[in-house]
Amino acid sequence: MTTVMTPTGGAPAAPDPDAVVTRPKAASRVRKGLNNPFASVLAIVIGVLWTIPTMGLLVQSFRGKEGQDTKGWWTFSDLTFGNYDRVLSGNGSILKNVINSVVIVIPAALIPIAIASMAAYALVWIDFKGRDWLYVGIFALQVVPLQVAVVPLLRFVVQGMHIGNVTIIPPTGLAGTVGAIWLAHSCFALPLAIFLMHNFMSEIPRDLLEAARIDGASHGQIFRMIMLPLLRPALAAFGIFQFLWVWNDLFVGLVMSGGDPNISPITVSINNLQNSTSGAGGELLPAAAFVSIIIPLIVFISLQRFFVRGLLAGSVKG
Amino acid sequence: MVAAFFAVIGLLLLLVDRAPRAGREKWQAGLFLLPAAVLLGIGLVGPIIKTVISSLTSAEVDRQGCVPIATNPGRCVLDPGGSWNNFAHFTWIFTNGDARSAFWNTIAWTLIAPIVATLIGLGYAYAIDKARGEGFAKALVFLPTAISFVGAAVIWSLMYQQPSQSGPSGLVNVVLNWFGLGPLNFPTTGGIKLTLLMIVVMIWIQAGFATVVLSAAIKAVPADISEAAKIDGASNGQAFRRVVVPNIRPTIVVVLVTISVATLKVFDLVQAFGADRYNGNTLANAMYKQYRDSGLSSGSGAPLGEHRSSALAMVIFLLVIPFVVYQVRQMVKARASN
Amino acid sequence: MAEVQYVGAYCQYPGNPTPSINDLNLEIKDGEFMVLVGPSGSGKSTALRMLAGLEPVSDGEILINGTDVSQMAPKDRDIAMVFQSYALYPHMSVGENMGFALKLAGVSKAERQAKVAEAARLLNLEDYLERKPKALSGGQRQRVAMGRAIVRSPAVFLMDEPLSNLDAKLRVETRSNIASLQARLGTTTLYVTHDQVEAMTMGHRVAVLKEGGWLQQADTPRNLYDRPANAFVAGFIGSPAMNLRTVPLVEGGARLGNIVLPLSPEVMAAAQRENLSEVILGVRPESFMASKEANLTKDNAATGLKIEVVLVEELGAYAFVYGRLPDDAPDAKHYVARFDGRVPPRIGDTVTVDVHTGEEHAFHPETEERLG
């Protein structure tokens, strides 16, 4: 999902970003679609196919070991809250990892937002040589596979930076802490965040900035008093994006935490449960997985508007 | 730590307004860009350089039992590594069975998942366009986007579950059984079949993204164009294929490219399915495996596994480059036309 | 209270081969309402924005009250600006918008409120101070933009096409409001517009710029109209535009179609001095009058200028007649004459017109400068 944003540029105007979704023309168009039998069948088949797997997990999570081991979930047999009881409390509770995920996700979303909006401000509103190339360069970083960067970043965190025997930067002291995970997520989110913020920010009319300059505002003041308030929808869009991405990430969490259960996010513990060969407690997996899914799902459903806005900002020409 | 971070940001914003007068704009731009530059430097640019070098140089060779070195008692370095080795790691990728199969698996992923997901997204977006309950229908397909790959792996393990003494069949096997088709043997079946079954999950996840973006594009096509086509005698379907689709082609390409890039980097899904044990690795997983098995190094050359994992990462990077070039060109074009 | 001087000012962007503003010399007197007008690409907005500090002054100086401000930041120039788009901060209320500059300048809250209230009273915005710009009509937004400028009591007002986003009726109304407000406040004002009616009605003086950023003439509206300094100004000011065409000089005047138009002795003398065989002859549409009797009889022997009517635009009070002169090439620019609206000719007619003596203009055929 890191690369969901794409380059065609033109974001919908920040103050009124729904314009793309609801063109005035669309309303006047004739209803069709489901009147076409082929289309209706296609829609229903896809809709059902896409829902069943999640449904299955939900049902399974409420079934006891006995039921899970003998009958398919569609029989709705052996329903119980027991799995959730065990998952959320007592031994083998994943609650700790849920908290870890929260601890990871909030700074990992806020830090890149702050840094990216500052960088985007300079890239859009301050004139300096090579500005456009710098932006293109940052944009291109967006498609660097995480895999390329994670291991060297981890080495940096653990060992600092050396050239030969000369220490340029000493070890950061972040090794083995959530700080390392924040750092990694912040770094990797930046190209996308800067791209998004750049798109939204260039939609703000230049006049507004010039008016502020004439009113006597400095760049710092313009950034704080004009840009940030105006960009709130964009900040929200990226925030949700980053929230989902970080919450759902396994790779970065796995490598940067070194698998330490005290700091590793929920995805790592689900992955361990899933891949555990012993089979003990396997009946808890659906419940645990559902707990891990439900939080982003709630965020996603309640803030879908912002999320779609961010998505479209990158993909559809405004 | 977070408070400290925001204190630094606040301080920077204050400094910005106290930049020296001469060349003030440059100073200010610099200060605004500084935090991003630092993070991009240590998080992306530096690592890329390091990975490139590491993929092209030899590993350190050490051996147990000779005169110990300080950082790693018990071992000593025979060859510190770090010298040019004539693409040996890349040669290894294409001669080693596991690495090679990871390469071809990745190609299969990238060829199939984006196209199928985009087609499904396009068809679904068209089918539900302006229908009653369109928003709900879209949400149904969009939901998997919010589900982690790990969660998706749990969900689909349940769907694919292999009938055994200890558990019932997954729904997919049950349905297959109705048609007299055998169980899937997921994930032990391995190889390309395993990869295809995982690609299905990727499509399940990505189709929602394609639907939402393409649906917005379809709505952005002025209604009068397809109305004109209908007056010219086209059916609904024809108007869509011949008029709407060509009009949203740029967006279709963007969706394809986006999903392709995501697919090239696929890691979590394979890892969570445990498919690495059955030849289902992609390049990213093979890379992780090499890295994990090698550990951190003592000398400058790093162990062999780390060099090999760098080479695998470089292969992913090289595969991504055409898409990068395409995206950058699109962006430059879009900016030029503004 | 301030006077503004552009002294040999240039504006050239790095990487652009030619400057956007060339050698601009213009003086705006204390309390004067100066209008900059010109076609698009003439750099009129650039000239204004140079004074604002939003565009670089690459050479020359701009003085406000004798101080060179060309390298100062906008906020240090004691100016206020009204933008074409109004550029109101969408997230601030009307009152906050108007008080923003004062807030940045560190003015106390009480004083700020007093000043905002005063400006709001002046502009009839008292009831809207709490609203967001989104909830205002176009005219109200325009007034807020004005208010934002007034609140600061700056030395100079800069206005960049402030009326072009209003509908026609409101524009006329606001036009006079701005003019009278300026007169009341007595603040030196530089006003940019592409609309020559705005320029002529509002400006104490009007400066005409030509494509490429060259100042042509800065003078009172009356003088611009009656004595345009060159063919460009002559063609730019007035609607429909002055008829301009290069005609040969003959004994006693200039040959136009079938007639010889007598030129004033000063023009003839100037032409002789320059050794010219032809001049650019300019006649405004309203400088023609129909030769009545000739018109009625369609008598080809009449003495006036013959025009073959190609198009008639009836505007009620009068009609503009577009036509060809005898011997005109088929693609020659049409000649325009104003007729009484009640007896307009019809397409295909040939009409005969006379020129009011002394209302013709003559320009040098190469330099296009006014002769005489």
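Each chain gets a letter, A, B and C, in the order it is written, and its residues are counted from 1.
Here is the rule we go by: a residue touches a chain if its C-beta (ideal position, glycine included) is under 8 Å from a C-beta of that chain, and two chains touch if they have at least 3 such contacts.
Predicted model only: the values in this text are computed from it and were never measured.
The chain closest to the protein's centre is A, with centres computed as averages of CA atoms. Looking at which two chains touch through the most C-beta pairs, you get A-B.
Taking the mean of the C-alpha atoms as each chain's centre, chain B and chain C sit 59 Å apart.
Averaged C-alpha coordinates give centres for chain A and chain B that are 14 Å from one another.
Centre-to-centre separation of chain A and chain C, using mean CA positions: 55 Å.
Among all residues of chain A, those that touch two or more other chains are 221. For chain B, no residue reaches two or more other chains under the stated contact definition. Those residues of chain B lying in contact with chain A across their complex are 1-2, 5-6, 9, 12-14, 16-17, 25-26, 28-29, 32-33, 35-37, 39-40, 42-48, 50-51, 54, 120, 123-124, 126-132, 134, 137, 139-151, 153-159, 166-171, 174, 204, 207-209, 212-213, 216-217, 219-220, 222-224, 236-237, 250-251, 254-255, 257-258, 261-262, 264-265, 267-268, 271-274, 283-284, 287-288, 291, 296, 306, 309-310, 312-314, 316-317, 320, 323-324, 327-328, 330-332, 334-335, 338.
Across the complex, chain C meets chain A through its residues 52-54, 73-75, 79-81, 83-91, 100-101, 104-105, 148. Chain A meets chain C in the complex at residues 15, 205, 207-208, 210-217, 221, 226, 229-230.
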